[in-house]
Every structure is written in structure tokens, then in C-alpha cells.
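As written, the chains take the letters A, B, C and D, and residue 1 is the first residue of each chain.
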Amino acid sequence: MLQYAAQILDASLTLNDSLVLDQVFLQLESGRIHALVGAGGSGKTLLLRMLATLLQPSKGELHLFKKAINFRDLKSLRQVRSNIGVQFQNLALFDFLTVGQNVGFPLEQDSELTKDISIQVKTALDSVGLDGRQEHAISALSGGMQRRVAIARAAVAKPKLLLFDDPSGGLDPVTTSRIFELIRTIQEENDNTVVIASHDIDRLVKLCHIFHVVDHGKVIFSGTLSEARQSTDDRVKVFLDV
Amino acid sequence: MADEQMRRMEIKVGALILFAALLLVFAILLLGDYSCSESSYISVDFQTSSDLKVGAPVKISGVTVGKVNKVELWAGRRDAANGNKVVQVRVILKLKSESLPLIHEDAIFRISTLGILGEKYVEISPGTYEKPSATDGQVFDGAAAMNIDEVGQSAGVIIEQVSTLLAKNEQTIQDTIKGLGQLVDRADRVIEDNQEDVRELVANLKQLSASMNVAIGDGKQINETITSLKSLSGSIDRGLQPLVSRLPEIANNLDETLTEGKSFVGEARDALKKSEVAKLFEDIRGLTASLADGKGTLGALLKDREIYDDLIALMKDLKRHPWKLLLKD
Amino acid sequence: MIEYVNVTKQFGPLTVLDGINLTIKDGEITYVIGSSGTGKSVLVKHAVGLLRPDAGRILIDNIDTTDFNERQWNQIRMRYALVFQHPTLFDSMSLVDNVALPIRKHQKVSKPAAKKSAMEYLERVGMTTKADLMPSDVGPGERKRVSIARALTLSPDCAILDEPTTGLDVVASKNIDEMISELSKSLGKTVIVVSHDLRSIFGVADRIVFLYKGKIRLDGSPSAFRASDDPVVRQFVSGEASGPMET
Amino acid sequence: MSKPVETDSFLGNFGRTFITAFQTVGAMTLLQLRIFRSLLAIKNFDYDESVTQLFKIGVRSLPVVIATAAFVGALMVVASGNFVRATGATTLIGWAAGTAVFSEVGPILIGLMFSGRVGANNTAELGTMVVTNQIDALRVLGINPIGYLIVPRFMAMIVMLFFLTAIGDLFALTGGAITCRAVLGIDMRIYWQGILDSNLLSEFIMGLVKAIFFGGAIAIVSCHWGLQVTGGARGVGRAVNDSVVTSAIAIFMVNFFITVLWT
């Protein structure tokens, strides 16, 4: 039987009177790397934010780690969130903290992880190739470095569910390859469930196990690459470039 | 969407600015007191502006009728238009035209102080109603201000004037005083010269008291005597009354006398020469005689201490101020 | 024509541009590539006077711009339109108003006319349906498209696009690539593109300038780029994670 | 680029404070000159932006100005009330409230309120535009940011603070009138007559002149701090803080000089 780390069941979302998510079914198999592809503005970011419990569906349910999420129960919500790592599209790094403080931030929030923060931060920064920059200000780093800091921050607490929103945006091919390699390594080490929203089909194809195609607020396809090749939907073929 | 939103913003901004602008105009008109009625101007010349400010109110009998339009410092320059008169400060008043007829030619303009904060204003006493009214552009003389330091100042001026006057007329005054001394001396001498008569008077009085003892048994007669004596003393009082009431006048005359000095002394001498004193003693003698005639009643007369005292006081007074008699007519 | 003569730029202790000599010819599509943080954006910002070189000079159409003031630069900027890497729409106005703003400011047209014209530009980037939304209501790819449309309203001689396809989906990227080709081939405009997108580079570019560690590592045609035996260039082309390239 | 001298001594800090102050004043003066130069070039005038700013700055500030003004007037009446009660000079209450509201307290407090609401907002908005490169975006579109962004704000702040002060004066006096009746038990007519009889036109106009200068000062200060923001969200916060503090200082300084020069 399949284990699902997260399920979005028949969820709809209305923002400013417009329906942005429309009866979405999205099931994320545990321990796999999932790709979220689709046109810009189709709703990938919204789905990721919903998985991160930052958006409550107007209708439908969100299940995380086999439990339905009650958005009013702040205590259990906080507990669930400690098992989720997010790298936001706009990075959302705290520009008043140093690189090291940014990466160490999730650890300080969790009482079980407060031991040896500096060692964990060092290891995390090492893995993204930024060792020795703990004391730097965020603004002193280039865009690619900032992205790697954000990835390190998302992964440092070894969460069960890791969400990446456009991890390679604005990065050169070599750095992009390194980041995708990094995600693969993190996933293999911790066996966590990873979701990547990206447009870099070439690399997603090499890295991901399962593909979800989003179009106009609907998930129109979920499956492996070979399944996608057999799909009759043109949109799936266009977006996956198969 | 955007255009509709723009339109709504324009309307609101316009409404706000229009409302504020109206308010502004209204406030300026109200605070500036630009009344619709016509204004007239009159000028008032003062010795000092007393720190009167432009815009200060002008009041007639406490009612505001206008305000100070201008305060010009002339500092002694001459006003060719008004008979070359010397002007220190000219204050130009802006008045409601309808208040102009209320101000008459003998109106008094005075800079007064309003309230305890000392705000200056111009107070107009409108003057005599029958006199002609002021005309637009007329120039008036202002009265001295009535505040405390100015009063003090003018008091100082008066004292100064008096002392200069005294210094100037020292000789005259000394002469006057000397003359007065001589007058008193002379009166003493007159009495001394008529010692005989006085002694006689006293003798008569003694006799009077002796015969009074005789008359004492007859109660009824005494009562009568007392009554008539009271009426007598009353008539004496009445006789003195005009003298007393004319005292202020007398004092005034004395003032004149002081300035006239010598001539008064001369008059006093003349009066003495006319032997008025001799006439006085004649009168007394007459009185004593008539007293002697009604001898039974005299004891009672002398028993009445009050009348006696009055008489003594009168005599003393006469001795000290014989001129009272002289000036009686 | 833009000429860089010995241009050097430092930010604090960091030398971003180190004696750059480069001539960008009219009518060509020039791609400036290189790893993140090597100063590609810094390089193109010099072309419109947003940054001034610490040393060296920049000649635009053979005129030395070293002593240009802001007003003179504004004249240049009308002909050399820069689109930022991160879309910088004015977040207080709707998408169509964003595009209409330069039309209103530079052409003497009425507001409705400016709006109509703006809609035409939005159509080119496929954004007409969302014209009345606010920038915060749409995704970064869409914002990027709108900001390209906005830059094109100036009808510039030269379009400078800083990472135009980054963050865009496959379909939108292809649209942009086509737009770049069209600008150059049919309208005869000069286009400078800062990019990492190897797919579009080889399809569209006339010339590639590879920037590495503040210097120009390679300057040539796509075929010369592909044939290069420089290990750093080779790694960049293959996009492999391991190699001599430092990022 | 010169490196800052590392001096942590008291004197070093003291000197730095002064240099920073000079630099700030200089930068503000330059900004002012650039605004005036842009004002001369009428083609820079942007109608839409001006209306938007007039609306945001003026109409949105109206409630807070009215509330402030009403309480200022009430306070002035209460404050002079003790004196009036002690002396029985009830006619003075209108004069006292009117003078204070028109010439000093009214413009200052409305100006401070305005700076807190509009100036801070303006700094934050411009600062965010700087941080997100929107200012540069204007420049690459060949649009002068001073002419397009700053001039409308500058004009709108001057115009609106002027009119808001006029409106505020009315509400302050009304607030005073109500307090006069309710707290002191003095007939409102005495109060109003006191104001009208006190010849306050000069004070009223002085207050409005102050408002013009306050508006200009708040505009320059808030735009300056907004435009020089560096370093993200924190920089914006710091700039807003500096903006409000500098505006307050500027208001008191300008007020002092106008009051001194007026008489």
C-alpha cells in the first residue's frame, strides 16, 4: 500500500473573488521526489503554500502525514509545520540576520534541535558550498548564493516534507546542476518527501520520480514520465516536453 | 476600474479643497472684521500713543464702533493742513460711518486700558449732543491717557509747578505772612488799648453772676430765662452759620489773596483804620447792657456752660482770626 | 553602438568588473552569459547610466558618457531600454497602467489612447486578460512579461533584457525567444540579453560574451562558443555539476 | 570609496554624529533644489500621480486631523479655564483659545500628526520602491523620479497641510466651544465673541503660513529618508523612524523661526 506524506483532497481556493484552485486532487507519495510543472500563474506556488499549511483551502481538505489539518488548532499546526521545510520563490531570507543565523533559525524554534546549532549550520552550509560565510550579511551574497542559503535553511532541520519553489530561478546552468544535485543528496540522506516546482524540465526529468502538471488551477496529470508519454492531453506533453 | 477610481478621488480632493477654501475666506472675513458697512476715518493727535496697536478697538461708551487704522509718529512735526499745529502722534481711526454722527465737536478721545492684561483701546466720550457732529477726515486733539503711571506723572508735574511757583514768589509770600503777623499784633494792641472797656465788661459779668444768685429762688422765671437764652444762642448760631458755610469760599479768596499778597495786607490795614474793631466793642457793650437790663435771667445764662463755652470759643476764634469779621460783608 | 573601454567597477572589496573592453554592434543579438554573481547585470546597468564605472569609459554612439548628467542619460535611456532581472512594476498601479505610464509621459496622447496602446503591447506578451490586475496579484513570470512590454513602449533602438526567461515556463520562454528574434530580424533592433538559458542562447544569439570572474573569458559566435576547448566554457555549456568552474 | 575611520571613542562618535547631521542637511537641501528645478519644468507634472497623492495625503488624513484638532481646542480651553475661573475674565477665554490654536498649538500638533501619518507612510513607500528597484525602473524608462514621484508629493503635502490646518482650526475652535460650555459652564456666545473681538487675523494667517512651511519640511524630510533607504526591510523601518524624528525637529525649528520673524 502506498504511503502518502501529503494529500490535497478536492480542495478549492478563492482569492479576491477569483477561483485560483479548482477541485485539486494532489497526493504525494512518501520518500519520492515530485515535480510540479505548469505555466506561470497556473497555481504551482499556491499549491506549495497550501502544502506548507500557509493557505487554507476554501473548500476541501488537506492531509499531512496521514492527519487532516485543522487550521484552527494552532498548537498541532505548529507541530506539523516543524516537519515541513520550505524554500520560498522569493527566498524570504531575513535580511537583518547573518547567513548563519538564517540557516540556524529553524533549529532555534524547535527545542529538540537546539543542541550544537553551530555544527548543524556549518554542515548545512558546507553541503551547499557556502562554508565560511556564516557571518556574512545576506545582502553581500549573489542571487545564486542566497538561493543556496534558502535551500540550506529549508533542509537544515531534516523535515519530513521539503518544498522547493523554483530552486534554480536566475541561476546559471552549472549552479543549477549543483543545486539539483544537492536536492538529490539531501533526499537520499534523509529519505524525505520532496516537491520541486520548476520550469527546468531537462533537469527535473533527470531528478524526479513523479510529475504533476498544473494548468489553470487544476492538477491535470500525476504520474511517471513514461505515463506522461502515453497521456492524450497535449498540455501535458507541452509542459513536460515529451 | 482605474478611471472610475480616479474620478472618485478627484471628486473627494476637489470637495476637500473647496470646503477648506470657503472656510478660509469665511474665517478671514470674520476675523479681519471686514464689515459691509462703509467706513469713515478721523484722526486724533496724542502726546503719546501709549503703545496703542494698529487694530485695537475704538469704543464709544464701551461699545466698539471701529478700530485703529494707523499710528503715525510725527514727533513734533507741524501739520500744515491744520493751522501748523505741533503733532506728536497721530492716530487714525477707522469707524463705521453710522457712528460718525454720534461724535460731536467737543468729544474727548482718550487711550484707555482694557482688562487686566492691559490691552490699549481708544475710548471716545461723545461730547455734547447739541454740538455739530464730526466729519470724515476731521482731526481731533486726544486727552491724556488715564492710566496709573500717567496720573503719577502729571501729579509730579503739578508738584514741580507748585514748587517753582513758591520759589518765584517767595518774597511776596513772606511779606504776606509778615503782614498777617502785624495784623494779629495790631488786634492785640487794640484790645489792650480798650482795656478799660474790657475790664468794665468783666465787672458787669461779675455783677451779673451776683444778681443771678438772688434770682435763683424764682424757678419759673429761670425757666423763662433759659428758654429765651436758648433762642438767643440759636440766633447766635444762625448768625455764625453763613460764616461757616462760606469758609471754602474764604479759602479760595485766601488763595487769591496769597497771590495778591501785598494788596491784601493793604486792605487789611485799611479795614483796621475804619475802626471796625471799635464798632465790635460797642456791640459787645450793648449786649452787656441789655444783659444787665434783664438781670434776673443772667445767673441762669451763666449757669449754661455750653453757651458760655461757645462764647469763649467765639471770642478766642475772633481773637485769633479777626479777619473773619472783616470779611463778613 | 555601445563601447566599454577598460571599465572597472568595485563594490567594497569585491571587484565585479575588471577592465572590460567590449563593443556591442548595432542590429545584433548579443548574449551576455556567465555564472551567477559575475557581474552580468552590473555590466548592462553601465550601458544606461544606472551605474558609473570606477575607471574606464563608456561610449554610446561614439559619445563619451563619463560626464553625462541624469537628463542626458534620460535621453539615452529612451533609446536603450533596460528590463530588470527582477520585474520592477509599480505596485500601486494596475498592469495596464504600468505599461501606459511611459506612453503617457513620453508621447503626447490622451489617457484612453495611452491605455489602448498599452493593451497592444500587452498582447505581444500575452497578458491582455490580466491587464487590470495589480502586480501583486500575478506571478513573477507574468510580471516579467509585463515589464518587457513596458520597456518596448519606448520603441527603443536597443533592448537590454536582464534574464528575460528566468522563472518562465517553457511556453512563455519560447514566446520571449521569438520576440527577441523578431525585434532584431524584422525590426532591426539591437538586443542585449543577459541569460543562463542555454536553449535560447544557441537558437537566438548572434554573438555570445562569456563573463567569468570580472573578465571576458570568451567573445564570439555560438559555434565558436560550442567549439571552445576552454574547460570552464565546456563545463558551462554542458551544465555539469562537477568541473573547474567556481560559482 | 573611502573607508570609515574606526573610532569608537566618545569623541569619535560625537564627531560622527555631527558629520552625519551635516550630510543629512546637505542632502535635504540638494533634494529641495532638485524639486524646485523639476517644478520649473512643467512637463514633469503628472496629473494622475498628483491627484492620487492629494487624495492619499489630504482626504485620508482628514479624520485624524479633525480628531486631533478638536482635542487641541478642548485642551486649550481647559488649560486657560483655571486662569479664567480665578480672575472671572470670561471674555478672555475666546482670546486665549483662539490665539493658541491659530498661531502655535494648532499648526504644530496638526503638523506632527500629519508627519506621523503622511510623512512616515511616504518614507516607507519610497523606501520600498528603492529597495525593490522601482526607482531605477523609472529611470530606465526615461522618467525623472524627482519629477514623477517627489514633486507631486511635495506639492500635495504643502497644499493639503495648508487646507487641513484651516479645517483643523475650525474644528479646534468648535471643540473649544463645546468644552467651554460643558466643562467650564461659560456660554458659547461669550467664547465666540471673544474670538471675534480679539483681532486674531494675524495669528490665523501666521498659522497657515506655518502650515505651508511645515508641509514643505515634512515633504523634504520624508522624501529624503525614503530615497536613501538601503538594506531591505530593516532599512525601511530605520528610515521611517529617522523621518518622523527629523520631521518633528524640523517642525519645531521652523515654528520657532517663523514666530520670531513674524513679529
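By definition in this document, a contact is a pair of C-beta atoms (placed from the backbone, for glycine too) under 8 Å apart; a residue touches a chain by one contact, two chains touch by 3 or more.
Note that this is a predicted model, so its numbers are computed, not measured.
Can you list every chain in contact with both chain A and chain D?
Neighbours common to chain A and chain D are C.
What's the chain with its C-alpha centre farthest out from chain C?
Greatest centre separation from chain C goes to chain B.
Counting C-beta pairs in contact, which chain pair ranks first?
A-C
Round to the nearest whole Å and give the separation of the Cα centres of chain A and chain C.
Each chain's C-alpha centroid was found; their separation is 29 Å.
How many angstrom between the C-alpha centroids of chain D and chain B?
Going by mean C-alpha positions, chain B sits 63 Å from chain D.
Counting only Cα atoms for the centres, state how far chain A is from chain B in Å.
Chain centroid spacing, chain A to chain B, equals 109 Å.
Whole-Å distance, chain C centre to chain D centre, using C-alpha means?
About 42 Å, centre to centre.
Two or more other chains in contact with one residue: find those residues in chain B.
none
Using the touch rule from the top of the page, what residues of chain D touch 2 or more other chains?
48, 52
Quick check: what residues of chain C touch more than one other chain, meaning two or more?
As it turns out, chain C has residues touching two or more other chains at 111.
Quick one: which bits of chain A touch chain D in the complex? Just the residue numbers, please.
Going through chain A, the ones touching chain D are 95-96, 138-139.
Which part of chain A faces chain C closely enough to touch in the complex?
16, 37-42, 45, 89-90, 129, 141-145, 166, 169-178, 180-181, 199, 201, 238-239, 241
If we count contacts the way the header does, which residues on chain B are in touch with chain D in the complex?
The contact residues of chain B facing chain D are 6, 9-10, 12-13, 16-17, 19-21, 23-24, 27-28, 30-33, 55-57, 64, 67, 115-117.
So in the complex, the part of chain D that touches chain C is made up of which residues?
1, 46, 48, 52, 125, 129, 132-134, 136-137, 139-144, 148
In their complex, what parts of chain C are in touch with chain D?
10, 12, 48, 50, 70-71, 73-75, 77-78, 81-82, 84, 86, 88-92, 101-102, 104-106, 111, 147, 150-151, 154
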